[in-house]
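Read from first to last, the chains carry the letters A, B, C and D; within each, the first residue is number 1.
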Amino acid sequence: MSSIKIELREEDVKRIKEICASFRNDPQELINVLHRCQEHFGYLPAEVQEVVSEELTVPVAKIYGVITFYSFFTMTPKGKHPISICMGTACYVRGAEKVLDEFKRELGLQVGQTTKDGKFSLSSLRCVGACGLAPVVLVGDKTYGRVAPDDVKNILKEYEQ
Amino acid sequence: MKQIRTLADLIKIKDEYLSKSKESEKKDAPGGKVRIRVHMGTSGIASGARAIHDFLTIELEKRNIDAIVIKTGDMGYCFAEPTIEVTLPGEEPVIFGNVDKLRADEIIEKFIKNGEYVEGILPVNYQIIN
Amino acid sequence: MEEIKMVKYRKQILVCSGAGCDSRHSEEILDNLKLELEALALENDIQVIKTGCFGLCGLGPVVKIMPDDIIYTKVTPEDAVEIISEHIVKGKKIERLVYKDPLTQKLVSASSEMASFKKQLRIVLRNCGIIDPESIGEAIARDAYLALGKVLKEMKPVDVIKLIQDSGLRGRGGAGFPTGLKWKLAFENKSDEKYVVCNADEGDPGAFMDRSVLEGDPHSVLEAMAICGYCIGSSRGLIYIRAEYPLAVARLITAIKQARDIGLLGNDIFGSGFNFDIEIKYGAGAFVCGEETALIHSMEGLRGEPTVKPPFPVESGFRGKPTNVNNVETFACISPIILKGASWFSSIGTEKSKGTKVFALAGKINNVGLIEVPMGTTLREVIFEIGGGIQYGKKFKAVQTGGPSGGCLTEKHLDTPIDFDNLVAAGSMMGSGGMIVMDEDDCMVSISKYYLDFTMDESCGKCSPCRIGNTRLHELLEHICKGNGTMADLDRLRNMSLVIKDTALCGLGQSSPNPVLSTLENFMDEYVAHVVDKKCPAGKCRDLMQYFIISDNCVGCTACARVCPVNAITGERKEPHLINPSICIKCGACIEKCKFDAIIIK
Amino acid sequence: METMKLTIDNKIIEVPKGTTLFKAARELGIEIPTLCYMELHDLNIENKPAGCRICVVEVQGRRNLAPSCATNCENGMVVKTHSTRVLNARRTVMEFILSDHPKECLICPKSGSCDLQNMAIRLGIREIPGTEIAKMSTYRKDTSPSIIRDLDKCIMCRRCETMCNDVQTVGALSAINRGFMAVVSPAFEQNLEHSTCTYCGQCVAVCPTGALTEVDHTPDILRALADPTKTVIVQTAPAVRAALGEEFGMEPGTLVTGKMVAALRVLGFKYVFDTDFAADLTIMEEGSEFLDRLSRHLKGDESAKLPILTSCCPGWVNFFESYFPDLKDIPSTAKSPQQMFGAIAKTYFAEKIGIGRKDLVVVSIMPCLAKKYECQREEFSTDGNRDVDYSISTRELAAFIKQANIDLNNLESEEFDSPMGESTGAGVIFGNTGGVIEAAVRTAYELNTGKKLEKVDFMELRGLEGVREATIDFNGTPIRIGIAHGLGNARKLLNDVRAGKSKFHAIEIMACPGGCIGGGGQPLHHGNSDIIKARAAAIYREDKKKILRKSHENPFIIKLYKEFLGKPNSEKAHHLLHTHYFDKKKKFIVKQ
């Protein structure tokens, strides 16, 4: 549950309504609508869900049910540099868990959390399909291949200014 | 491209494309061009294929080599990515793996200019239906 | 344009340095060849070059002479002299090193003839890496949409369905349901509206076949969906694709637009009166949505929870209408079947599994990547020839097929021809085609725990055996990995697994215990080691490890004691040190620091 | 009709195509156990997620076990419902469920009427292996004015979700999360109080475990009864008497009016009154309001809006305040019988017995959980003193009676106290769907036409169809009446009203399927709709027994108007007996 209360601005509400309208306010397009909203806001706070609920006439409880079902959707803002560690099998057998542990230790975060300064967030994901590069770490759009626990410090250093 | 209304329309487009590429495959012919396919699926791009693509495009032009650089999907050689396929006019295609800028440069200078093999060749280890 | 120069070298000698050959001294062969050429002052005339794997690892090391196009197999470093003196200098073929066909006793040396020894056959991947996926013209040049044209102009839907049935094509998404039969059922269910769905929700960790096809050859899927639409009487196609595949999505969007622009999608395709269009629906990170009914619910904007079948989607699917769901790879097989015929396709593969299968090789294997082989190829061929064998020369332990729903197969299964039925009989399944290779360093208890971790995470939570049972399995495995398990726990593990398999609602739950059951079956001794001896043979389970200092090897340099984060190591300078196991956190820092191999894990 | 012939436990049976194995087995007298499946056939309610997997059976030739609730019979099937394989699987699945369920049965409010507990008994579960290492899924407890959610006890049967969404279309609850932490919850896991919940209590009524229970107000009542400065009086809703007996082992449909009155006296209530009295009063007010609107409407007065909607049901009031606030001037302004009773008790009656309202404690026994919330609404208090202090459900009353060692079965019947215990048959039928409007018609007809109604029973208004309609001839004026029970059905009629398409003059709505007899506070029916039908029949029996069957004939109502209120819809009546509604639509915050 998101503890953050945000206030939507008029133009945000307008944007959400536009997104819904572009899908004909069709309740069956809920997931596509949520994708677009998450692209716009970076996450899906309760207030956004309430507007979507209104527009698509889907109970907000159902929308929350959908958001908490799909791991792609999030109700907490990601860090400026979201770090994702691939936990696909190829990466796992090549030591992804140790890499993840190292990130957890370095950042003092658990998976799904964001640093207090909003700089980094940590998540694990299932197979980015770069198995030849296993273990793989993504920071934002940048891919790091064949990452060893020792590399973690250096990766983080790249984003420290 | 023109609307396809009949099977003949489709085959016409096919033939146009084939003859165009045949033209470029002719050895020493005026239309002869070096064709380079850069394998740019997710895995290839994650391994740095985009940089290789850009490097090749710029360098080939700079070095005055008439070549076509094509972006394609991945071949599946994840262990050796980024990979590129180079077809010299009239020759069989040759695939190179683990291509970095250094190797790309070598490929231009040695293979493309002189037909001299460089390291990193990945033999074609599959049959393909035609 | 600068004149392209003639080849500088007279001949080129290609030496395979793929990991498989390399482990058999291909590096030495290379050196010897070079030395020999230098000795004869031929180094400027003849080029020696390292290449990647030829995919002939069973015959390695392999040396190829160009432009003669002769392949020598099982070459030893000692053969280098002969290759230079006989072949290069005298131009004589060395018959001793030429591969002899065991059946015909014929010598096969030309690489074109060697083609039949290439284990891979690319049907699905026919255009991947060859065409520009963003150019419909290039696709058309390689016969895209030709089958669609042929079908629309020359064939009745029933004939196409018959053709697909005759080809023996089975669904590539996992269970292997006959595709033609599915189309037939969808065709027979009358409705004003029907849907063709492409399942591109590839979720198995370590599998990326579908993504590669969509990124490399999107038109093959669009065309096949239209063909399917024509067959079953549908004008609407939907592609359900993971949002985590942005590149594939972008290329699909481009491809759909291009096909629409020239009338290959839309109304009155090929002037036949047939209408078909395709839209994209996004997944949002739920593995269970690979299951047909869950996928359909997800497309309807709901939680991706599966429902009981029947009714099957071909009866009541998307919006309650008959819906034919096939996966990407299945669709990619369609147009070659139509163009080359059912008997061509059914001539490839085994009795009950026709055609080829794409696998994503990953794990402790040298040639990680995507391969496509005819059904019936053995695991050994895939792993040790195409895959180039195990990394760092380690010992093969198991191969996991079928993703989290599959099982772990062992040494004894290596010669099993891969097809739908054989894999099931061996306790695993085809799945979507992930193939993860494990070596001696992998603990099979931990591996099954890893897969449970995955299914536990991806369970939708609808049915109790999957929602709770998988969590209990995971806990018990964790318990065992910590050294707290008993033999009775192994019985419980098996019973729980069997019940979950027997009672879970959907394919995910029904197959989630497979990794546990297959490891219990094939690696019982490893489980016993964990519960009885409290040891992890692979040295992976941290709680079962103990660090020891071999006092004979220890010189008392204190390096380990200084690096130990919890001061578990004590000892006088120049005296053998000791590790206090009750303090040691098994971080492994000491092992890394020790230069004298004095620290071991037991 | 196509039929299917199959063998279940060595017995051959032929059933219509489309029959499930579960139902076919039931035909044979084989009751396959289940935790999630629920079907209330007469009310068109089905919950069939096939999620609990307790009802699995072995079908010869099938790879895995089949969920009998969701597997259709086919020709030649050979089914075993209790093979070793089935029993082992059933037990193991049950152990799974129990391993993630608190083991506090002794102190659980559902203890004794818990489906899960009964299943554990039935399957002979004696241990839950692995408890020592089993982690539990735990959630925050949530207490609202009516309902307590203790989701640690949720077994994901999804019955509540079905009731809330498919039947009631309230949409306050949804399955959330996935895997082990999947559970049914309001949006954002917020409290029910902040959701669109109407407190209809249907979720509670069908919950097989202690995950959803009502807030227990009996301790407050005990305290009041023990306070010598307080006079504690009680009112009982019509539906209670038709169901209370079930909690004491009586057949569904047993009327226990007299025994209930006796028990309440034993419990220490100074006066035992009947909400039916207030129901008669409601008819006077609502009926008059209707006639007023109708006559103005017929004269072409556009400010007189029709149809008029009944307003006795607090779940329904919550529903339209949340979902149809634009229509809030359409329902009758008459308070519900519970609140009318409270208003009269704390004024007229308190005066009569010479005590201040603060010293009079009004308790209501209701088949309903929304009544708990209703009596807590601010507009129903004067100077912070509620008109109705506490509302408890039929179930709570039963528990209360048991606690006080009262043997209900062997109590002699007693009569309600006067004056607020006197009622007509019209007040009684308030408990059934269609009853309020039938009662209203009985009175409105006579007041409107001035003629005596010969046929008092309006069969056309009765039944369990979700939406019903009837036309009653008011001396040449056809009065079109709509009835809906269950909020999903109500929504259909409301949408028509909103779209200006409604053809009705008056609409009765009750939130619960079946009306109050199927209320969220009634003894649990465990998915048996025969129970609801039996209760409905009992209510009509009670009506039939009454000599007076029209509200306006109730002599004490006549007296009340004469002594205190004047006329229906008088200013005083308006002040005490009418209310107004609020726009409770959820609003998102917009920052300019």
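Everything that follows uses one rule, which is that a residue touches a chain if its C-beta (ideal position, glycine included) is under 8 Å from a C-beta of that chain, and two chains touch if they have at least 3 such contacts.
Source: prediction; values computed, not measured.
*Asks:* By the touch rule set out at the top, what is the minimum number of steps from chain A to chain B?
*Replies:* 1
*Asks:* Which integer distance in Å separates the CA centroid of chain C from that of chain D?
*Replies:* Each chain's C-alpha centroid was found; their separation is 57 Å.
*Asks:* In angstrom, rounded to a whole number, how far apart do the mean CA points of chain A and chain C lie?
*Replies:* Inter-chain centre distance comes to 27 Å.
*Asks:* Please report how many Å separate the Cα centroid of chain B from that of chain D, as a whole number.
*Replies:* Going by mean C-alpha positions, chain B sits 73 Å from chain D.
*Asks:* Once you find the CA centre of chain B and the CA centre of chain C, what distance in Å lies between them?
*Replies:* 26
*Asks:* Which chain A residues reach two or more other chains?
*Replies:* Residues 58, 62, 65, 69, 128-129, 131-132 of chain A each touch two or more of the other chains.
*Asks:* Which residues does chain C have that touch at least 2 chains other than itself?
*Replies:* 208, 211-212, 245, 286, 303, 368-369, 460
*Asks:* Scan chain B for residues touching two or more other chains and write them down.
*Replies:* Counting only residues that touch two or more other chains, chain B contributes 42-43, 77-80.
*Asks:* Considering every pair of chains, which are in touch?
*Replies:* Result for touching pairs of chains: A-B, A-C, A-D, B-C, C-D.
*Asks:* Considering the complex alone, what residue numbers of chain A touch chain B?
*Replies:* Touch list, chain A to chain B: 128-133, 136, 143, 145.
*Asks:* Inside the complex, what are the residues of chain A that reach chain D?
*Replies:* Listed in rising order, the residues of chain A that touch chain D are 1-2, 7-10, 13, 46-47, 49-51, 54, 58-65, 68-69.
*Asks:* Contact residues on chain D for chain C in the complex?
*Replies:* Counting only chain D, the residues touching chain C are 49-53, 56, 64-65, 67, 70-72, 85, 88-89, 92-93, 96-97, 99-100, 129-130, 133-135, 155-156, 175, 177-182.
*Asks:* Under the stated contact criterion, what part of chain C meets chain B in this complex?
*Replies:* Touching chain B from chain C are residues 1-2, 4-9, 12, 14, 16, 47, 49-56, 64, 115, 118-123, 125-134, 136-138, 140-141, 143, 145-146, 149-150, 153, 208, 211-213, 215-217, 245, 247-248, 251, 258, 261-264, 270-271, 336, 340, 366-372, 386, 388.
*Asks:* For the complex, give me every residue of chain D touching chain A.
*Replies:* Spelled out, the residues of chain D in touch with chain A are 165, 170-178, 185-190, 195-196, 586, 588-592.
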